[in-house]
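Each of the next two complexes has chain A plus one other chain: chain B in the first, chain C in the second.
Moving on to the complex of A and B:
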């Protein structure tokens, strides 16, 4: 899956904005949004929030978890634990990138937040690499990956799945009387 | 004039009442995205969801017709248009992954479709079925005219089912569990390991072989991610 497709899914998350225009309720196919009143916060999907922000029609309010103190706590917890800790948001990486790229003027301490999220990301990806390595070397058949986000899974997806499939084919061709073996590389 | 856009959109076609309960448009789009992800990550062609596709197309055309009647430059119209583009992307990507799998596994897809019982849901929509048959016929003609007719007479046939590789159902996939499942068998990778069972808790994510969980994907109990 392309990272931009993961970002596409992340853009459906709701975020609070403060519009500077007024508009009554919009009945989208995916749900209702609004009504919009100047100065009153309203929740909209991220794709709409970014578009309105680019047209200078709103101010974006940062999500609750995007706070320096909270992120520092999460980073410390992530560094201590050997397994994956629960994430602040299923799409924390994408939302950080999108919101900080387009609305850093609305979010205080944007640079610190960016650094903290990157640290959390790096720690988790390092853990993911280690566990993928042990998965392959111990030839496990099943793994539970509860607190992993889609973006993290996506970074190793093609490599991990292709190597597992290759190894399976090599193994099953070795065993006598194995399955028909008609599935070849294509 | 803006009344056209104030239509609250809960107008699902009557055609699918016979097949499923009335779903709201939001649920329909949710189902489309689930089907998109499942089709993208599954190694084989999944069940055909033509009623859902028809409903989505109907919603899109309905909304576009409304937009035609509104003057340009309206804020609401641009928002609706953005949403239409997003839904259309998911729909096209879904149909494209199905076509790609059909082109890769065409003889097996046709075989599966021919050998299913009458009551079972079909894997191919009528248009996809026609496309697959044409693709098979074209490939056979191509092979014949390029190579086979120059071969000795007793070697001039090729069995497509053997020539084209099958989808590898033993590929590993990532999945998220929507309904709790018990006692899913995990087969061993090496000879020294035993097979064991795992329980799939709701909301958990796993990495395992597709073959064991294939029926759960069709029933909607797990979601491929």
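Moving on to the complex of A and C:
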């Protein structure tokens, strides 16, 4: 999976905006998007929010979790715990990038938020690598990791799966005589 | 996008090898010293050192793996294959001590693949060989993972030269994951760029117009 595909999935998340136009409720296949009144906050999917913002028809309100104090707390918690802590949002990395690239004027302290989110990301990726390493070195067959987001899984996916495949191949050497003359169809 | 129009056949699992896999085909060209156990009449031309018409019993020859595997029979009447020295007792203790310092590319670029194929030849040390290969892989995994995930935009040839082909494939997978994430983060994932292969031709008129 591409990071762009993960970003596409992230754009379905809802975010609050304050439009400066008025429009009736629109009925889309994915769901209804409530009536727009100037100055009244309304929840819309991120893809629509970014589009409206680029056409200068709205102002994006930052999500609750995108706040310096809260992110600092989360970062400290992440550094203390050995396992993964619950994330503020399942798509925190993508939302940070999208919202801070397009709407940084609506979000105060954008640079600090960017740094904090990057710190959280780095800590989590380091934990992921550590657990992948212990997984392989103990030759376990199953592992369970809670609170991982799709982006993190995506960066590790190809490497981890390939190495687990290699390990499986080498382990099957230890049990000889399991299969001879299997035909492969191509 | 990572989807490719050509999907290569991966190397086989363990002692099996895939007929169509390019890696397995190249692997089967590795030469092994082996000893003929019976007479090969009128094949003397294959053996350059002696001038006789047939290959005598007990001659030591170098055979590629595919030939040795084909001729090998459980009743051991035809050839007996010697284990290459990398899989023997001496080197196994080296790998046990510290797998990360060994230059696996020099030891035969297909260390893991050849080791798995050697298990066909019923040596009494088979379980130890299999265990040694597995432990070497596990020992080197950490180093491969760290180097592939942290070397962004640098010359990686120094890191890659000590890895064998299996590990190089893993390294490449890790690098491509890292590169695609970094390019996404910088926002260049969705911009179209001219392929580096075409830039070298210097036949693109648009760049002359812009210059």
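Odds and ends about this structure:
Going forward, the second predicted complex is superposed on the first by the 176 of 186 C-alpha atoms of A that agree within 3 Å, B and C clash if a C-alpha of one lies under 4 Å from a C-alpha of the other, contacts with A are read in each partner's own complex, and residues count from 1 in each chain.
Methods note: contacts are C-beta pairs under 8 Å (C-beta built on N, C-alpha and C of every residue); 3 or more make two chains touch, one makes a residue touch a chain.
Note that the structure is a prediction, hence the values are computed from the model and not measured.
Of the two partner chains placed around the shared chain by superposition, neither chain B nor chain C is touched by A:111.
When both complexes are overlaid on chain A, the residue A:136 reaches chain C alone and has no touch with chain B.
When the two complexes are overlaid on their common chain A, residue A:31 makes contact with chain B while staying clear of chain C. When the two complexes are overlaid on their common chain A, residue A:145 makes contact with chain B while staying clear of chain C.
By the document's definition of touching, of the two partners only chain C reaches A:2; chain B does not. Of the two partner chains placed by the overlay, only chain B lies in contact with A:51; chain C stays clear of it.
More residues of chain A lie in touch with B than with the remaining chain of the pair chain B and chain C. Shared-chain residue A:157: touches chain B and chain C both.
Contacts of chain A with chain B, set against its contacts with chain C after fitting on chain A, overlap at residues 139, 157, 168-169, 171-172, 182, 184, 186. Contact residues on chain A toward chain B in their complex (touch as defined above): 1, 5, 8-9, 21, 23-33, 47-48, 51, 57, 135, 139-146, 148, 150, 153, 157, 160-161, 164-165, 168-169, 171-172, 175, 182-186. Across the interface of their complex, chain A is touched by residues 1-2, 9, 12-16, 18-20, 112, 115-116, 119, 126-127, 130-131, 133-134, 137-138, 141-142, 144-146, 148-149, 166, 169-170, 173-174, 176-178, 180-181, 184-185, 187, 189-190 of chain C.
Residues 5-9, 25-26, 28-29, 33, 40-41, 59-60, 63, 75-76, 78-80, 82-84, 86-87, 89, 93, 104, 162, 165-174, 186-191, 193, 198, 203-209, 225 of chain B are the ones touching chain A in the complex. Against chain C, in their complex, chain A makes its touches with residues 2-4, 7, 97, 101, 129, 132-133, 136-137, 139, 151, 154-159, 162-163, 166-174, 176, 179, 182, 184, 186.
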